[in-house]
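First up is the structure itself, then whatever we jot down about it.
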Amino acid sequence: MITAALAESLTQALVVLVLISGAFIVTRKDLLSLVSTYQMQSLLLAGVALSLYSVDQSPTLLYLAGLTLVSKVLLIPYIIKRIQRKINISRDMEFHYVSPIASIFITIILILLVYGAFSNILKELALSNLFYLGAVFGISLTLMGMLITFSRKKVITKIIGYLTMENGVLLFSLFITELPFIIEVLILVDLFMIVLLATILSIGMDSSVEAYQERFHQLHIEDLQEKLHLHRKHRGES
Amino acid sequence: MNIDANYVAYAFLNTAFIILISPLFMGVAKIVKAQAQGRIGPPLLQPYYNLLKLAQKERVYSNKSSAITKITPYINITIMIVASLGIPLAFAPENSGGLGNIILLLYLLAMGRFFMAAAGLDAGSTFGGMGSSREMSISSIIEPITIIVFAALAFTLNTMDMHQMFQTAAQEMSFLNPALILVSIPLFIVLIVETARVPVDNPETHLELTMIHETMLLEYAGRDLALMELSHAIKQTMLMAILINILVPWGYAREFTAPAVIIGMLLFLAKGIILATFIGLTESSMAKMRLFALPNLFIIAFFLSMLTILLEVFR
Amino acid sequence: MQALEAYLAYSMLVLAATLLSRTNRAMNLIALTHAVSCIALAAYSLGNAPMHYFDNNFLIDSLSIYEFFITGIIFFFALVYAGAHLERLVELGLLEKRNTKLYYLSLNCLLIFTILSFASNNLAVFWIFVELTTFFTAFLIAILNSKKNIDASLKYIFVTSTAMLFAFIGIILIFALSESALGKGTLNWDELLANARSFSPGFLAASFAFIFIGFSAKSGVAPFHTPLPHAYSKAPSAVSTIISAVMLNLGIYGILRTYAVVRQTSAAPAASNLLLAFGLLSIFVATFSMLHQRNVKKLVAFSSTEHSGLMLIGLAIGTPLAVFWVLYHMLAHALTKAVLFLSTGILQRQYNSNNAGKIINAFKLQPLASIGLILGGAAILGIPPFVIFISKYSILVQLAGYSLPLLLLVLLLLLLASAAFLSLGTEIFTHTQDTRIERYNAPKRMTAPIVALIILVFVLGIYFPSEIYALLTKIVSDLKF
């Protein structure tokens, strides 16, 4: 049987790893490794839920771990990877506003700010230090996800950012309170729908230049031919 | 500073031990790299032979160089030996004599670096100057991070004194302490950067334009070169010792008796060889980074040590 | 007492019928009955409120009824318009024919989830339904065949949903707060309102800040207004009408409910300052974005941001009268915005553009849409005798009692906004040129809603029905202002 002290230090280690995976997502360019990191992060979250369960014995945590495992470790990454293969891009080179280094700096500043802001708010809940840590790291992860969503251009990366935010909220809720399980399920369904829609739309946005032009050609092919013809004529005259 | 008999014994033993084993770790890393590349590699004791050979050769100075070139090897080895007193490899005396302070350690390392860079510039050769300028620009980025890493360490173990840090780590045996595991990653990065190893620098060659550390030694020959290389090896062993004695302090001598000390030393040797193997493997699995990509590596160290400090705040 | 269940059953029937029906007209008709059923639900509930449903997770009280009415009316007119508009979109190749069914299905779903959000009693359930409306709105924006539409839709999803996640953090905080104060966590509006005094004010203010961020993105409050101009100008006009008139109310509704809870504690001044700051920022940003705007639909979109700013300021004042007029402003703004969006929709189909430069001989080609735009513009600026005049004026009077310098600042900004409308209006309607543009004959079904709405806006401007007065008074007292 796992002792409470061991569970606590295990939880702490897992939470830290979750945050590190967030930092990893903030800096990565490689889309495939982004999805895998997200998968890893969700797995770690399920681990956090399980290690909390070993202390708490509340069945909701167990269900939550299972739910996270099925939806976020298996289903969503599978869909995103399929779409990724379809749109045929593997790297997101466009750091829209901030470079990776700057985003890590921003991340650190965000964590410190959250720590400062929440030290007052959360005092009233009389949380233990571990839970305080989890809550602060949860909010930090949410903000990191937001940073990704708004600093990158590729839609797939934005989706990963959004999913990271959601993971941050989940982490936060794990340590703050226990919401009714049905609400957690509904939220996940919701998230799933939004992500699905955004991913499908991303095919329209992120498809490679060639694919887009191919479509474009189909539309204006006669037009183009005409222009080309005129152009040749013009050259012949001069 | 009150020096007792124990401290004197420690000082002699520790210094002798670090000088003795440092070239060995260099050799181990070299062999691992060679094996990873499909070569046989030099014999294990090659660094010792090199040092012996170099010590017998004569020194040659450029007629442009000043006294800086001449005194730097001696200053450097002195600094390293003094600094090594603050890092007890296998056992720590009751009082550290004030030498274990990590701020002192950082300053000593910075001073050594300053003299190295000055010596690189001194002879007026192009390569030396380039090496010095690169060394200085890299160190200006890595030094704040090194400070944060050591601050995280001090925060976690609740002391500024290296001797006490090792003793606390040995007593707690806290292998599962997330903070310590976390801080060991930036420590490793600092180790790689400070010892001029692959993602940052390439210790194998002297003449390529991308090199940093080795280009500063170009002007040295004979005994001076031997001293420089030895001090470099000692620096590496010191940083390795910090990592080893904090992350895996098993067998660290808790009392100052002959059997405990001998066991401690042997275990340290074994752990050091494993770590050197690991360093060699990391080196051969990575390509050298562009100079401008280096901050990416450093920022990881920075981020992780900030996290460590946060973790400690929540404890 | 089973009104909500009956409505749900009927809406399922509507969805099934839409799935089975073949023609555009049939689907439109079915959707129209759906909108009428919402009004019927509201009318039925009027005498029986408050009604609790499903384990008290749903509650229809006076405020929900009021929102039902607005939603039903706006959806009704938008759907009448959408029927004919859709045919034109298919004709132009902007919408694929096989997508028309999808279009009606999502419109119906959007209506269902909007009604369900207004009927939720549970904060988390409300959050979930609001997210679902975001989903369907984004879907409706993206349904047209254009990369720009997809872009606008994605922007809308990301800004709204990311903000909504912050609202969820606030919800978690409120749950934890109620758990520590009451022993058992609750998220029900009525229980929160009843027990508000036992909550710690600082903590409640923090939760409110988070929830405010989320819902203000839904109603286009600056700085979360960024996707709206794109979304409004790219979406089909019926959909823009719905986003601007109904989705905006949805956000304000969420803020109002939470604010009512905070209002009971000593955290009220902090929350009020927050609302005031964001309200001013919205008006400021909207006004200055409007000044150089040459795109008619984007101008109208920014005006929505301006009006939600005004509503926030009204809420920040917090007197019962101010809240009363904010509620009335919700209705007034929704109706007027509908006039504007439906009129610009006709112009857009005439010129295939919303840019002022492209609109030529507007009076000759589209007299009705032009008059709709002018009257709607006058109405949205608060010129008497239109309905916004009453609500806007009354909110400003309340503001005068709250702080005079603030009133002057807001007045100045509103004046600038009027200037923006005026300058774009003169540019559009004085632009005549001898060109042979084929006249687009807007069908009756597209023009009739505009005429009806203008009449409604005018009538409400000169006559204040006592039923609305009674309902609004009841809401204000229900919310304990």
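Order as written gives the chain letters A, B and C; numbering starts at 1 within each chain.
Following the convention adopted for this analysis, a residue touches a chain if its C-beta (ideal position, glycine included) is under 8 Å from a C-beta of that chain, and two chains touch if they have at least 3 such contacts.
Remember, predicted model here, so these are calculated numbers, not experimental data.
Asks: Ranking chain pairs by contacts, what comes out on top?
Replies: So the chains sharing the most C-beta contacts are A-C.
Asks: Measuring from the mean of all protein Cα atoms shown, which chain centre lies nearest?
Replies: Looking at where each chain's C-alpha mean falls, the closest to the middle is A.
Asks: Any idea how many Å lie between the Cα centroids of chain A and chain C?
Replies: Once rounded, the distance between the two centres reads 30 Å.
Asks: Express in whole angstrom the distance between the two chain centres, defined as the mean CA positions of chain A and chain B.
Replies: Once rounded, the distance between the two centres reads 39 Å.
Asks: Taking the mean of the CA coordinates per chain, how far is chain B from chain C in Å?
Replies: That gives a centre separation of 65 Å.
Asks: Name, in rising order, each residue of chain A that touches chain B in their complex.
Replies: 6, 9-10, 12-13, 16, 19-20, 23, 27, 100-101, 104-105, 107-108, 111, 115, 129-130, 132-133, 136
Asks: Can you tell me which positions in chain C touch chain A when the two form their complex?
Replies: 124-125, 127-128, 131-132, 134-135, 138-139, 142, 147, 150-151, 153-154, 157-158, 161-162, 165-166, 168-169, 172-173, 175-177, 179-180, 185, 200, 202-203, 206
Asks: Which positions of chain B touch chain A when the two form their complex?
Replies: Contacts found on chain B: 176-178, 181-182, 295-296, 299-300, 302-304, 306-307, 310-311, 313-315.
Asks: Under the definition above, what is the set of chain A residues touching chain C in their complex?
Replies: So the residues of chain A touching chain C come out as 120-121, 124-126, 139, 142, 145-146, 149-150, 155, 158, 162, 165-166, 169, 172-173, 176-180, 183, 186-187, 190, 193-194, 197-198, 201-202, 204-205.
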